[in-house]
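Two complexes follow with chain A in common, the first pairing it with chain B and the second with chain C.
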Partner chain A sequence: MSERVFVTGIGTISAIGNDIESTFHSLLDSKSGVGPIRHLKTKHSNDFVAGEVNHSNEELRMMAGLSEDFICTRTALLGIIAAREAVKNAGLSNLDMETTGLISATTIGGMDKSEIHYHDYIQGDNLEYAKTHPCGDNTEKIAEALGITGFSTTISTACSSSANAIMFGARMIKSGQLDRVVVGGTDALSKFTLNGFNSLMILDKEPCKPFDENRKGLNLGEGAAYLVLESANAIDLTGKTPLCEVTGYANANDAFHQTASSPTGEGPFLSMKRALEKAGLSPGDISYINAHGTGTDNNDMTEGLAIQRLFGEYVPKFSSTKAFTGHTLGAAGAIEAIISILAIMNGFVPPSLNIKTPVSDHYIRPQKEALLNQVIEHVLSNSFGFGGNDSSLLFSKLRK
Partner chain B sequence: MKTTNIYINGMACISPQESLDKSQFLEVAIEHTGNQLSCIEPKYKDFIPPMQARRMSRILKMCNVAAQISLKDAGVEKPDAIEIATGLGCMADSEKFLKSIIDNGEEMLTPTAFIQSTHNTIGGQLALALGVNNQNFTFSHNDLSFEHALLDSLMLIRENEARNVLLGGADEITENTHIIKEKLGLLKMNAGSNFDILTDETSGTIEGEGASFFVLSPDKANSCYGKLTDLSFGYKPTDMADLEKGIIKLLSKHNLKIEDLSLVISGYNGDQQNDEIFKTLGARLFKSTPQAYYKHLCGDYMTSSAFSLWLAARIMKEQKIPKIINLNEIGQGPINHIFIHNQASNNNHSFILLSKC
Partner chain C sequence: MMNLTVSQSIKIENKKVFLNRQLYFEMPQDTDFPTFTKALYKHAETKYPKFFKMDKLARLGFIAAEVLLNGQSLTEEYPSDKIGVILSNSSSTIDIDTEYYNTIKDKDNYFPSPALFVYTLPNIMIGEICIRHKFNGENNLFVEKEFNPDFQIKYINGLFDQQRVQACLGGWVDYSTKGYEAFLFLVEMADEAKIPFNIESILKLYK
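Let's turn to the complex of A and B:
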């Protein structure tokens, strides 16, 4: 199991940018993408803010370079745009795609179309979209657009989905089954999730305030992010310089409640601890934690306690970037993986926005301003989801 | 991947057949009429407290029971990891919440159905019930969902990340998805008996559902059903020879030839176009091999290959092929290796090789 896993390309689209560069600048400038809901047709567009990608489906289709007869959902469109950027960033050719795998995550799959056309489908209308409902269809559309013909699969584990897709991709490389794989996730904003989280009463009507004492809940977002992972063999063949290395990962289950985390944050504690063990690192080696930090009372409290328990007195810099992007559900793990990689590449710590009063039950304090010129060696990225599904990824600067 | 012997030490299957009944093995197959094969469900109150069962959708209840029985069968109290496959997820709860959004105009919604609508509700609830803190993945990749969850289970065991893995594949029929599948032309519209799907010369299949769970381990238990020798995939084969080459290559990796196969189980679903490839393979590569099919028993659904693994494992343990699945008259000897072939639209093929413990 000594096979190393490298990141050679990244791509993303979210409320804070259509690509890596604009995303990085928004983070540097503390410019949030959370705002009024413009594109999603919902009764609640004036009730809540969200991290919506500010483009219509038609505009996204143009950006993805797809014709009208390529039937797909907004989820797939976002995925195609981000995955294309990652593949381009890794310098892969069309020929390379034939030997590249795809592991994509989504929570709602084609729900953005189903919630519009559900009754039509039953009547036998707009059926072209009915086939886009399964999560797997979105992955197949991304594979088709990218020219990936080999191994592709879909993981759907709620809000940790794309962290698990990255983990599974790393394991496929480590076990020698793939040399190169595009991993990540995508989710479009939908009435389904907006109303779902509203019914749980965990949406903040104002921009969310992760790790603030007076946080009121989360803002939803949408987007996609993909990474190209390559084996040491693949790197040797091309002489490519990787962006960073995936050194650790773990998925643990809180086994406490379907939607709430355990008071001690057992799942989050285990996922972070095991990711460190996998990498052979100790807590003191971590330079920055990109927290799950949704802005809900429950998540931030228990995640903070789990961080305190694992790191003790010396807690690395940490922040939640959810106030920039909103909670992008199945895409969140991958978007935040990319933010973590940007931190490593640029010696940068992104801030937690909107904090006035830190959580009084925590002694740890989130990073409130962007920092540059930092030595960022190892970054831990957390993603936690319904069903107690907790994942941590560990990215490391390339060893000389 | 490292080679480690991996065994099926326990299993349970809820299907449109009496598959939970250990006293008989498809000797009396259940006949269904029409294009929908619903599960014969167990008495849930024997397994789940009624208060809890009331909040659970059918798929959650079926999975809970199948998981419990398979663990008991393997003599495992708490698995080390949980791997779930579902093509459409918790469809009844998804539709329930979706319908309430539409019907109530996005007002006055209760969260229960939403909470239970995520694809990983099955795995999450099992982790909760069994107290499993370790890896818990859910694969949802159309017709390959189950094979991918199986692949990950094998990887976890070979990586020494888990000894006992609880693996399950499940999908449920709902009234409206059934209608939508009919409208999409995926189902036979004037289906008669499920036993006749191969002779009825119409397009489309019959919809099924089920929950099949397995306990996999590198340690062979007394309850062992079979050894999972290999799993592999074939993507967009250029022609029949290309597909056959892939199958031969897989077998030769284990020093096996076509003649060594005691049985081939293929994913015939009654749709003429879909079945063409199985027919051709059956007449060429497998012409001297005993052949069987199974979707007439469980119906077609995205994780129906989980039923085919249950079927193969039971055949291996009992050393007996139920008559109802036979496709040809080639006599059987001792059953040492069973080859399972599934595919969807000739794009994605999966091959599972099961051997005697």
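Let's turn to the complex of A and C:
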């Protein structure tokens, strides 16, 4: 049993950077990664903007240090690059990996490759890629590249997937089942999701404007992020200084609609409230909320109402970073967890971009400019998914 | 000492439905999925027309929960935010993924369908169950090679230990063109566990 769960390493790749450092600088400089679609082959490339990782699969393969023989998808390549950085950041050796678990989230798995080779598959060609289609195969590829041979599993709960992976990893450490676990998620852009979200009519053709009165929808993005979580026991053995602590987490179901939030944001309210309860904190302790803030009419309205309901008069600083990265679906929870951790480590509040007019039905106001030299003790990170699957994570500065 | 008991279970496989290990409903082996589930829907006297808009995976999970709960309203016994749903499967949403993909794969025959796309996430099945029964508690979906009772028992036990749930649906709901299988069980607290929530019981019920 470990009463406490520590974050000892982080790694990410997204439209705003290939690693932690470049990600942090993009956030600090309000530099969005949302732009024209260059790599995904779609007839919609001139219709929409997206938060695409600006590298071809070949370039990603080089960055991941993998040979041509290592058959894997873009989803797995992004995952391997981010997970490698997290493991390196935590100072783990190859030997450590044998006793490390992996919980990886994804929503589209190997769809990117299946789309390219779909017609080949029917002809019986390129079948080696067909095996990379399942969500679980991407987890296995990441485990293989990292040398993780122990416990591994895959979570698929839409846009809250990687928040749930982090929550589950923290629980496994608390219950003493693991001393160390790599947790996070990865998703590549695909025609599948671009067409799907377009058919739902919730894509903004321009860069998205979360928490703006005139928001028109979300931009899709891609990327991956992983955290290394360790128990107090593991920390004692190595004497390393953790980056921060996972103090709270909760998941709730909105039980309202497959793709829309309930008018009162019941699920979001419950997940935030119970994450605070788990950490033994009160609303006034929270320094910053990294909102789910997709830029859709429905999400931002109901998330804002849930925040107002929970926090009342004294609402902490909050922002959505989706206008930087696009909505990276199964990776979003982990990417935003890392942004929350960067906020704690650097006394920093990332801004919500593209806001001209705040939401008139809210009295709360998002943070529009990056802030440094802040006292950031506790950060709440929200991830809400289709199916009403709502999760909140709570990260805290290390107690002296 | 808190005892966890499996108060209900259901298994749907090979056109047969076993409720608490008793044969509840059966159809000929050559019955197709829509006919089978529609007949089961009628047999259970379900009134929920949205059922027919669901994809096959959600329909399977939904009707399993419907027969399992059999009109019992768990929210009268427990706070709605203390009722959880933890499921796993192997095929994720491959069936509806393929169906949806067929709507976008050809330039000449291109009609991306929102009604299909919505179901291309396995946790939508959990959402449908939660919407129907007003469960607001923790819900999660794991993609695993096969049904892993050890894993589910540990996860659900953890939820009870941490007082996250007071009742929880667990199990396995898998649909692909190769076949389908649903196994759901309801875990509750009891003074005396008639069917203790452990691997032996779950394997026996699953068998």
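Here is the rule we use: the second predicted complex is superposed on the first by the 398 of 400 C-alpha atoms of A that agree within 3 Å, B and C clash if a C-alpha of one lies under 4 Å from a C-alpha of the other, contacts with A are read in each partner's own complex, and residues count from 1 in each chain.
Assume contacts are C-beta pairs under 8 Å (C-beta built on N, C-alpha and C of every residue); 3 or more make two chains touch, one makes a residue touch a chain.
Note that the structure is a prediction, hence the values are computed from the model and not measured.
Partners chain B and chain C, brought together by superposition on chain A, clash.
In the superposition on chain A, contact is made by A:Glu140 with chain B only, not with chain C. In the superposed pair of complexes, A:Lys131 makes contact with chain B only, with no contact to chain C.
Look at A:His44: by the touch rule set out above, it reaches chain B but stays clear of chain C. Applying the stated contact rule after C-alpha superposition, one finds that A:Gly150 touches chain B and leaves chain C untouched. Which of chain B and chain C touches more residues of chain A: that partner is B. With both structures placed on the common chain, the touch criterion links A:Asn198 to chain B and to chain C.
Contacts of A:Phe386 after superposition: both chain B and chain C are touched. The superposed model built on chain A shows that, among 184-192, 220-228, 238-246 or 256-264, the segment of chain B colliding with chain C is 220-228. Overlap of the chain B and chain C interfaces on chain A: residues 43, 107, 109, 111, 115, 118-119, 134-136, 153-158, 164, 168, 171, 175, 177, 191-192, 195-196, 198-200, 251-259, 266-267, 270, 385-389.
Contact residues on chain A toward chain C in their complex (touch as defined above): 43, 107, 109, 111, 115, 118-119, 134-136, 153-158, 164, 168, 171, 175, 177, 191-192, 195-201, 250-259, 266-267, 270, 274, 385-389. Note for the complex: chain B touches chain A at residues 1-2, 82, 87-89, 94-95, 97-99, 101-102, 105-107, 109-111, 114-121, 123-125, 127-128, 130-142, 144-145, 148, 152, 155, 158-159, 176, 179-180, 183-184, 233, 235-236, 302. On the side of chain A, the complex with chain B involves touching residues 1, 42-44, 107, 109, 111, 114-115, 118-119, 121-124, 127, 130-131, 133-137, 139-140, 149-158, 164, 168, 171-172, 174-177, 191-192, 195-196, 198-200, 251-259, 266-267, 270, 385-389. Remark: chain C residues 80-81, 85, 92, 97, 100-101, 104-105, 107, 112-114, 117-128, 130-131, 133-145, 151, 154-155, 158, 164 touch chain A in the complex.
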